[in-house]
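Residue numbering begins at 1 within each chain, and the chains themselves are lettered A, B, C and D in the order written.
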Amino acid sequence: MLIVMKTNATAREVDAVVDVIQAIGLRAHPMPGATRTAIGITGNEGVIDSRRFQDLPGVAEVIRVTKPYKLITLDLRPEKTIVQVGDATIGGGELAIIAGPCAIESREQALAVAEAVKESGARFFRGGLWKPRTSPYSFRGLGEKAWEIMAEIRETFGLKIVTEALDEAGIGLIEQYGDIIQIGARNMQNFPLLERAGRSKLPVLLKRGMAATLEEWLLAAEYIMAEGNYNVILCERGVRTFAQHTRNTLDLAAVPAIRSISHLPVIVDPSHGSGNTYMVTPLARAGVAVGADGLMVEVHNHPELALSDGAQALTPSQYAQLVNEVRAIRRLTSAAG
Amino acid sequence: MLIVMKTNATAREVDAVVDVIQAIGLRAHPMPGATRTAIGITGNEGVIDSRRFQDLPGVAEVIRVTKPYKLITLDLRPEKTIVQVGDATIGGGELAIIAGPCAIESREQALAVAEAVKESGARFFRGGLWKPRTSPYSFRGLGEKAWEIMAEIRETFGLKIVTEALDEAGIGLIEQYGDIIQIGARNMQNFPLLERAGRSKLPVLLKRGMAATLEEWLLAAEYIMAEGNYNVILCERGVRTFAQHTRNTLDLAAVPAIRSISHLPVIVDPSHGSGNTYMVTPLARAGVAVGADGLMVEVHNHPELALSDGAQALTPSQYAQLVNEVRAIRRLTSAAG
Amino acid sequence: MLIVMKTNATAREVDAVVDVIQAIGLRAHPMPGATRTAIGITGNEGVIDSRRFQDLPGVAEVIRVTKPYKLITLDLRPEKTIVQVGDATIGGGELAIIAGPCAIESREQALAVAEAVKESGARFFRGGLWKPRTSPYSFRGLGEKAWEIMAEIRETFGLKIVTEALDEAGIGLIEQYGDIIQIGARNMQNFPLLERAGRSKLPVLLKRGMAATLEEWLLAAEYIMAEGNYNVILCERGVRTFAQHTRNTLDLAAVPAIRSISHLPVIVDPSHGSGNTYMVTPLARAGVAVGADGLMVEVHNHPELALSDGAQALTPSQYAQLVNEVRAIRRLTSAAG
Amino acid sequence: MLIVMKTNATAREVDAVVDVIQAIGLRAHPMPGATRTAIGITGNEGVIDSRRFQDLPGVAEVIRVTKPYKLITLDLRPEKTIVQVGDATIGGGELAIIAGPCAIESREQALAVAEAVKESGARFFRGGLWKPRTSPYSFRGLGEKAWEIMAEIRETFGLKIVTEALDEAGIGLIEQYGDIIQIGARNMQNFPLLERAGRSKLPVLLKRGMAATLEEWLLAAEYIMAEGNYNVILCERGVRTFAQHTRNTLDLAAVPAIRSISHLPVIVDPSHGSGNTYMVTPLARAGVAVGADGLMVEVHNHPELALSDGAQALTPSQYAQLVNEVRAIRRLTSAAG
């Protein structure tokens, strides 16, 4: 159920509706918007009697939700969510660029890449501490000891730190030292992890699962939001198909599809979405042209020596060129849109 | 085997090599390029003795082909093929736009759409006469009688006519009345049809099969070229995956992938590649941004009344807006590239 | 529309209904069954007025068809179709085994394999004359000249000849010399070819397309039947997925799925359905256990020398073992079912 | 690296090799077999010098591993692993049947189903306590309070309890009250969870991920084994494809494929592998015919009232019939094999 408040409803009236919701043992999700506040309700097992709410002061409309979604939906929030990360944003006017190496391998490597990221004007630095690797015998990241490097990058360059958590302990550490919690494709339906991220104050970057339908992906976001964390960024990173010329098939139609359903920002990862360096820049251009709010790109100072995913990493100068190209497209599409 | 001629080889020297190839019962495919001519050889069952050719006048190099391709490859022709269609081109500087209805339904409909196509500055008109329909009980096009309408469009608007052939008789008719033979996704491995198209003087637009790997698609082009028709245009139109928010999953990485292997031009069909009107323009922008040589777009004067594929057709005004947007992106990427 | 005749309707009454259908320009498809005859109607563009038929003598019921199928469906024919091929059958009590080499390579090879097929008690010999090959440069079969070999096999061993037609001319030749027309996976939606097969007197073995949904496959059968040929055998041969341990992913659930919708017999091809010799026998057992009416299996006297698909061909002795195993399972499931 | 001991090597010699492995900081995985013991080594980052081992007493051969697998492989253990679960086994002579409801819903429901499972002669009872559901708003199981019901089933019927763990806490509880830890498809690459299961004394049933290649699945098993738990049972439950007539496409070729690489037992889940009650028994027959070591089947006393997955659950009498049919096939294939 979804309660739409009148445009002139007062904060007190909103609170009063929230109180009623809580009083009957349910959870209220008030979403203030440009013109009105709406309140999503979760926690009910059956149908809620709408008559409880329809005559409360300030209530404009009580809507029964028939779609599988309650909180990600444009019905609840017609304006796009802008995720604020310190002084940077994702989903607003600026194209958000998250760049960095697949894995933090050494202080020297991480700082060299971070410098290039900073120079390009990007605001977000990515870098894995705990890498989910298909084989237990592959390099799995430096782990906690890399936080020191991350802290230095954060301080020196003022970049926001984005890193993937594989378990609840990892989220705890990101909360201490980082800025955005990344949930990887393999964990898109790791529901306890999603719920833990939902209880965090940090924004969550939720990658699409390897074989996830749009509905499954959006319901994974719903898991996070149902716990009270509404700062979710979706990331299309390609899906698994029969095609063999790429590591994954980047499904750019997901961007307009999400736009038509959800207020959440969506970014594109052309690095995992192709697996080949020479495709990254063309697909980054395509991702921005299709309307994504940002990009996630792998950059390495020496791709040929990378301990993971070297075949899809850009050099700093390739990356700088990419940023120029995508910014030009962004200016064009912003002007048009 | 592939014979690269010296940059200063004379036409007579090229002819002499071709004569030797034919004399031993094989087929020669000379491809003149900007700096040199190369000659592909097909028809051999085993290995050819390279010593036959290496000392002929004008021969620079004899290369054994180890890839599955002989004729589509950049080894044979390092420059991109520009397909000339009357006074228009595909693969050259200009973005090629092929637009029109899924099926020709009536003179009134076809002319209304053709006018919009003409006004947008596009040079190619598409429209199905024989529609391959999943069900035998669906509308399957007007058939031959629509050629009269096509002839009128060609004459009135100067548009080049692109239509799909389902069988050899269809190719014969397109040769009489049309400009480009389209081979549809369902017929991508209809080898007798490919060979018939390969014996035509008209360019062939070859759509990717629903589940075709890049290699299968390029080898289908090879079938056409092996018969002597080198004017093949590839068209990415989405592949079949588990995803349900689109009719097909548009695989834009195919564009840079083909670029890295083949000299053939490649265009993108965002209409079949999505199946939803609201996605067509964003995906068209993405297709141009990724580097495609052109677009194929479905336009209908009354999409809601269309006898086939109405859900993916643009209105003339949506189409005009699309053309503006993609041309702007094209100017940007041409300048950069 | 579907007209169900009373159980005691006379042949004359059936004919009278057929006459009315034809008189209004439509096509009648009478299907005699164990207890009653039903008559499918095709050729109508809009809705037919059922009142025309409901009071005709012998008519029990007039049913409007709301599914996409008219002729393949259990509504039209509740009993399974048994396809008669000379003195052999497919879809009846006996497990139908179609075995032979991928391609006819030589008289010696074909006869050696045919002898093994005969000895195993199978009734059908397969062997390609025109092979659809991904590359134009691969061995594509002996073509027409292999008919002489086929004729010898047919006469010497009394085996029924099953071979694939790639075009209409091929169907003509099979009609002269063979017993069953095979339509391959790549041509499942080659609609002119399906319609030509629909005008043949020979049974048609219709392989599932590489990425065909069940509905698309059954509608391809409908194309054949709508032309008047009701002897269609469906063949599951695996579909294309991301999986790499097999050439195709054999979708055995298609067998019960078809059973629940259609009266047509369905067989399984574990050779193409796996692409690996060591998997063929286990998957053949599974195909029979799931309820298929038969198997199509590749056998070669020297798989290591095969000109095509050698990696999936069984030796005659592996094949003999397979036949023993699947017959035992068949006896079991027949007794149970 | 893999060290094969001589057939007459003593326990002391094996221990001595293990000691050397541990002394250089690596992990030893001794696998006793019918004729010889082999010892896998993990934990090395680079190449190990084989000369350390080749002259130790009892060592027959030192083999460098070039495949991605070290522990799941037939090289390490040529005989099939038989997982012992109390007095029952999986992977041995007996067909292992794991049956029960999707979720434990009530004492009444669980006991009714357990009784049917017991009567059929199956040894394993499945039932979810924590259900991973696509939507956060669906029924997610009774949670811990259902352990009481499980304990009663275990005691009353002597059935072994198989249930899925979603997190490390869940594994802890299964260790207290259950018999087999199930890792579900969505968690197949939840590596911290796999490692926790690897440190358990209980056998682990590892379902294949929705889009997992064989290699990814086997490497997930390798994650568990690398921690010292060698009792892993693989479960094929269908993969995601474009096909729409089933919930998942059951990939039965995975069974012979695994057999050719690994010593681990493999079972088939025709319930999730089809999603439709009417397909479960045919696919169960196929699973046994292809050579699986067992089945996992959903049974519900009132499928039409089930709180999850009712559309794929068998009634107790359908289930009893299934057991009869698959046992007959098993007898046949055991006799043949």
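By definition in this document, a contact is a pair of C-beta atoms (placed from the backbone, for glycine too) under 8 Å apart; a residue touches a chain by one contact, two chains touch by 3 or more.
What you see is a predicted model, and the numbers here were worked out from it, not measured in a lab.
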Minimum number of chain-to-chain contact steps, chain B to chain D: 1
Maximum centroid distance from chain D, chain identifier (CA atoms): B
Length of the line joining the C-alpha centres of chain A and chain D, rounded to whole Å: 34
Centre distance in Å when chain A and chain B are each reduced to the mean of their C-alpha atoms: 38
Per-residue multi-chain contacts in chain D, two or more chains: 211, 215, 239-242
Of all residues in chain C, those that touch chain D in their complex: 211, 213-215, 239, 241-246, 249-257, 260, 273-274, 278-279, 282-283, 285-291, 324-325, 328-329, 332-333, 336
Complex interface listing, chain B residues touching chain C: 42, 68, 70, 132-137, 166-167, 186-187, 189-192, 209-211, 215-216, 219, 222-223, 226, 239-240
Contact set on chain A toward chain C in their complex: 240-242
